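Presented sequentially are two complexes of subunit A, the first with subunit B as partner and the second with subunit C.
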Partner chain A sequence: MSVARRTFIQLGAGATVGILFTPTVWKALDDVSIWTQNWPWIPKLKYGAVEAKPTVSKMCESGCAVKVRTVAGEPFGTMGNEDNPISGGGICPLCANGVQVKNSPNRIKAPMLDGQEITWEKAQEVVAEKLAAAGSKVAVISGDQTGTANEVFSALLADKGSDAFYMMPCDMQAADKAWTGLMGGSGQVGYDLEGADLVLLAGADALESWGPTVANLKSFAANESGKFIFAGPMQTKTASVTSLWVPVPAEGMAAFTLGIAYYVLQAGKTVDTADFGQFKAMVMSEYSPAKVEAATGVKADRMADLAKQLLTASNPVVVPAGPVAAHGAAFALNLLLGGAMKALPEFGKAIPSAMSRSEMLKADILEGVDTDLLFIYEANPAYALPEKVKAGFTVAFDVVQTETTATANLVLPSLHPYERFDDLASPYGLAAATYSLGAPVCKPSVDAISAATFILGLADLGFESFEEVLGAKAEAVGADMEALQGGEAFVAEGETPAAASLAANVLGKAAVPVKGTGAVGLAPYTLLNVGTANQATTPNAPCTISNNQLVGDHMVVMMGSATAKQLGVSVGSKVKLSGGKGDCEALVQIFEGVMPGVVAAPLGLGHTVGDEFSKGKGDNVYKILTVSSEAAAGASTWAGSTVNVAKI
Partner chain B sequence: MQTKEFKIRWGMVIDIDKCTGCGACMVGCQVENNIAPMTKSDPYNYVQALTKPRDDASNKLRTLTWMNVYELSNGKAFPEHETAYLPRPCMQCGSPACVPVCPVVATDKNEEGGIVSQIYPRCIGCRYCMAACPYHARYFNWWDPLWPEGMDKGLSPSTSVRPRGVVEKCSFCHSRYLQAKDKARMDGEDPMNLPEGAYTTACADICPTKAITFGDLNNPEHKVHELSKSPHAFRLLEKLGLHPQVYYMSEREWVRKQGDNYNAEAGGHH
Partner chain C sequence: MEERKASKRCGGVFPFIIGFLAFCVLGWAVIPGLFFDKEEQPVWFSHAVHVEGQGMDCESCHYFRDDGTYAGFPTNEVCAECHAVDPEEAQAAIVEEGIDPTDYDAIMKAGIGAIEDNLASSDDDKMQAEREYVVKYLIQGKEVPWLNYQYQPDNVYFSHASHMSLSIEELASLKKELSDVVDPSVFEGEAPEQNCNLCHPKDIQANDVPPALERNILSGYSKTTMKMWKCERCHALKGQPNACYTCHK
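Up next, the complex of A and B:
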């Protein structure tokens, strides 16, 4: 019998139909598949009551108010907290993986002295001894921008006669230096992104990584009629949803802002400060549109158009990021416009001897730290600072192992935010002073304690435990403890901002772009799913990182085709970027949303310590940032960093 | 295949002009549905010496991401360049391409609500459905799902863990649908007429800009009903006739054009 192809197909079809209608085959297939699903390593689910318990998360710099979902008391997921204005129901990719970080094998499981496990009692003894020996040569570096734990640390410093309290570099710090330092303003600056009808994000990547990101995203979504404009060296994720992207180099942001102020002043806007006349004269002569165009490349008519839009808006706001001068320029412009910038009242202190937030923001860590005894609280300076921090003895508190805990003398495990009492006082950027409280939603997974409680055991600061401190804080804030514990926030409206000066002197000198000598500008950017200065990417996030940031284990940098041509590279070229005090390896990707002459590189990759999801992935861009001094403003900045790019 | 009619048609409208591509929906989906973070090492593989290490999440060809966010570009050079982000769950197609090709009927569209189901214990891993789905919404489980030590404590109670060798996909968080119906029954309400918000997916829930709206496309009291009719609404590859139950919205014409693989300017899908 000849088996023609046609006959064969008919035979085959018959067989398939046969299989489909024969129950034995079905049963066998089902059995086999079910049997193969019963391997012992396929985890079984836990069943029980499902609850959602409110607390605060400290995964990103600003922190967020969340609800932790638990099954039979065991946390498994995180969701937004609709009752709290900070999250309003949504969360970011970091918070979405908060439980997974809590359960990570990368948790620090017990106190470690020079790599050896010790007891908490021993740890207490060692620190007490070091503290007695150090005298006033004690310093603190904090990676927490919002917590009252900072009050505990700063009260300890006060007790020892030291004021060496350092915050990791942040926009809140630059804003404070400009607002309370140079301009004599009071309170903390906030921006009403929900109520503004025109928002100019002057470098603030507010819908991705700047300030209280989730609250910003919520305001953006709620503000249906408002117009958002983003200015910066690259088309960030924020720029992808704003109505306009204005390409401005990071180091030129202050000049660009003053270029807009030129037109606003020309339209007759005034502010009641002693140096208004001087400010006006300075802007009119030094920041004429032609001069700004020459310095930054932004066309004069673009600035004129933006000024017109800001002037016709009824409630505009300019949101700065980066150097102190960029902040000062934006604040001056906001004061001229009289829009949606706010000055938030500072909440009362729980510990009278502690520093105020503004005082905590004064010291400049980029100028270097040199001390006998250093406490590092949930910060990762060894990874995120280009400069080395020098200390005789370092005590690092953290939840997971990091580059900093790897080099510290004594490592003390912190409770994960879902296991501890903690709080969030006015995350920087919110338009209203907001206070939220978090309580443990589960038992600690490791032998950790509250870092602040540990510190309270070292000196008589008037409290036994951090929980007690938080009680005093809630009282000082004037909030209802029960409502706070239920997940609600205490909110105090912001005030109309007033400044004593427009910092004419300083801005006149500090707003001119200062740029490094490398071949191309460097635009470092942060994406929450890639990680932040404190938090590496989380276990479930690597698959969300696009191949514009990471391909395999290689970091990817983006540039426009014109820049690639200038550098003689193309898509996939392997390059070495050198700048600051180091270099980085990367692959090239073409993205036309980066200004010509600029290469955009993601911060947050290149960890050498951490879990298998973050370690060895990409390279660390903090190594190639150049710290320059904003001499007139008395601050350091890494805006204006440049790099040389060599093909390898 | 003929389009089946359902009284309830669960669907999504995703506003691309609000999506910042942050990735929270992707992470939220993985946590909700117990998708294991991909790990290189396998403590249960006793023949390590003979096998290659597993892929980690850097290998996008082997990842499990029921929800995936794509980056779009208008294809123009600086400064005319524009970019946008497009989250893509399973479209729960009205006439799904994946269903008729399955030899063991592991996937089907039968339940009231119009969700395309996937019965994992029945799946034999032949991957015909993956080949058939033009949206790349189906994923093959190349590796046994393993959580590093201690991390399996935090499993969600919603979805059982799938073993290696089966095809997985977004189910519109089906367990949440079952829970919502149960709750309605307990409260003496009609489970076939759930109010807006009684059933919503993890990705829609988590999205901080509320770019994803979820509901019954057939129910005029649900927001998606109206939104899906917006002049700015479109569906992906509509010309293929699969009738997706996921709609997108954008005021930007270049975005809408890319949704349908529009090729007039030779740019096409990026």
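Up next, the complex of A and C:
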């Protein structure tokens, strides 16, 4: 026994030494060390051709013309499209994160009926049944300001004998109500920011969140000799790069504009409309600088100086935002000045029975919606509208889960803009009518279909798919489909605007500042990186949100030191803002760029549904906005919202 | 006592020497081979048929893109330039025959005209390989998962463009120094116009049956994947930078 054991030990010792004289051990160690660098969960690169495919992104309100960077057909990044005038190679903070949103776990992955996953066939059956039962009590809320998908939805409504098409509140709507509604103008209003030598941004935060922001920034950069002035209740980022900030309360913007018009009329400027005399008399008597100063707090001298600058400029333009009255006043002033405001021709319709854009903008969603069957297309009214939208059955189309999809009866996943055909027809604010088209750049990553194609399956509207509708649209526009798919835009120059009336009667009453009863005025503002009414902040954007909007999970509101003293709060105070039909919690920040008696709060925070980047971050300011009626103008507005502030 | 005697008889240095020699032989000749699994390419691709038979050159499939990146293996798009089977037409014909589109064997046996009439090969065995490619990949819209004999880890940025001007003829002067980095046989005979042989299997363009990829069972890499020290050695010999960021971007 001991012999075998000793021999074995000697043999083993020899084997051990022997193996050390071979590469085996060292190779095994080397391989194991490499193996430890290659755990199965380590992401693997996708190899293949790197391309930049043109398409359109619909994440911001005006939409961006983009190029999606792909490798082996898989998108990994988004950049601007230098061949398209909307983009000029730039991109907004929301659309820049298109790929991240496309791949987000927050995407709706399949049709859901009352929380249960169903097939598309079943969804089609359910909607067809509800549609038949609803008769003409069908409504649509659209969050898309530029797409031909709206034509498909409105054609469905027309087929059912309904005209209840609602757009989410937007400046394009206020502009249309003022221009085509009150003043009898035609086409869509645009502003030549690049060609103007003086731009008065009357509340339009054009370099941050208003209109086609990227195009505005490009125009601002290209317009080296032009002078930009910003008027509004707070010194926005736009105001910080303009030549001058004129503090004007939001509800006083129309009166302020008419106060400037006073001097312009005094200088002898006229407009060829039937009611010009009436308009002049109204302004001269009711909006004299002294009266405007008393109503808005803006010094008469300041208005006189602005009027002088506008009168001496060769191509000035006033760019409004907010209520219908503010738009009407600005358009009247622009007509008097004869500057860089344009009237854009409207593109032809793809579907004859569809509404025109102007018709789509007529209904006022702030007055409330009550219907049997409601289609919500990529909008988030449950989050952004203080008034309840009532419907017997709600069908919500969206790419990602939102407060609206959480409460809808039937949720249908939309294709992401990079996975579908879509278009951008004349985003509001551009100086030229512009049409861009987007085609899919990658395969769908969830079980989604085009919302418009789904609708086309519900009624005989003359088209089988949305792609066909866009073909017809391109033809109606007169554009070359191949060039559009290659990323180029079709452009029709804006024309000199002409109005039938200056709406003297209406403006005289509607421009009077109306303020709520709260302790301080509320100046809600939008930053694209924080989000919009339809789109919460995107995955890479939170790191760009500053401490003036969000600290940890707490929203931050800004006010001047005089206002803080008046309210008995200081930097870091936790406060409750009450207004409208709700209240918000926030921390206080002192910023002297906010008018006295006003508190500025960021819109877009406080989501209760969404991804880790937006859910539970800050509070929802839409809850504390007060809807007031612009009685004379036949519209509703949030301007003039006030809040009470209590320290907690 | 018996055991003690036995111990003396069998003791000493012999068992040690036997163990030493046996494991030296095993360690050099047998065990290294056990570290590798052999994997066949998904499709029998004959370079000889394409290069010698059809007169194609390397750049027909392995080319630089317009942006300077290297395309590597050809995609279906490139293959379909010659293999003219229309995927939609073929799929429609398969459905018409009542065959399950994923039952590859049944499709290949069915002799479907939309596929068979467009095959380019003449020999039976070559035609079978082409048929397999067409049925399993081309008409399915799936790229062939070619096995790469030299693939590098994802954390290595290797630019073919930066190495395309290396000349085997010039490197021949460093033959001795490079002997453990590249296959010495690369420097034998007349230097080829292209330097692919430096890293890739020599004369692969004449190969009829693709060699199996030998995959290391521990690390997962190909046996011929270049190790970092080899890259560094060559860079040092050529006076090129060896800083980390040179390859790890």
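Going forward, the second predicted complex is superposed on the first by the 605 of 648 C-alpha atoms of A that agree within 3 Å, B and C clash if a C-alpha of one lies under 4 Å from a C-alpha of the other, contacts with A are read in each partner's own complex, and residues count from 1 in each chain.
Convention: a residue touches a chain if its C-beta (ideal position, glycine included) is under 8 Å from a C-beta of that chain, and two chains touch if they have at least 3 such contacts.
Treat the numbers as computed from the prediction; the structure is a model and nothing was measured.
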Exercise. Kindly classify A:Asp611 by the partners it touches after superposition: subunit B alone (first), subunit C alone (second), both, or neither?
Key: first
Quiz item: Looking at the overlay, what does A:Leu207 touch: subunit B (first), subunit C (second), both, or neither?
Solution: first
Quiz item: So, does A:Tyr47 touch the first partner subunit B, the second partner subunit C, both, or neither?
Solution: both
Quiz item: Residues of subunit A touched: more by subunit B or subunit C?
Solution: B
Quiz item: Who does A:Phe76 touch here: subunit B (first), subunit C (second), both, or neither?
Solution: first
Quiz item: Can A:Gly560 be said to touch subunit B (first), subunit C (second), both, or neither?
Solution: first
Quiz item: Taking the superposition as given, does A:Ile648 touch the first partner, subunit B, the second, subunit C, both, or neither?
Solution: neither
Exercise. Show which residues of subunit A both subunit B and subunit C reach, each in its own complex.
Key: 16, 30, 34, 37, 42-43, 45, 47-48, 50
Quiz item: Which residues, counting only subunit A, touch subunit C once they are in their complex?
Solution: 1-3, 6-8, 10-19, 21-25, 27-28, 30-32, 34-35, 37-38, 42-45, 47-50
Quiz item: Along subunit C, where are the residues that touch subunit A in the complex?
Solution: 3-4, 6-7, 9-11, 13-24, 26-28, 31-32, 35, 65, 67, 69, 71-72, 75, 153-154, 216, 218-221
Quiz prompt | Contact set on subunit A toward subunit B in their complex | solution = 16, 20, 26, 29-30, 33-34, 36-37, 39, 41-43, 45-48, 50, 69, 71, 74-80, 87, 89-93, 95-97, 99-100, 102-105, 107, 207-208, 213-214, 217-218, 220-221, 235, 237-241, 245, 247, 445, 527-529, 538-548, 550-553, 560-562, 591-596, 611-613, 617
Self-check item: For the subunit B and subunit A complex, residues of the former touching the latter
Solution: 17-24, 26-28, 30-32, 34-35, 37-41, 43-44, 56-60, 63-65, 69, 71, 73, 76-79, 81-85, 103-104, 120-124, 144-157, 160-163, 165-166, 205-211
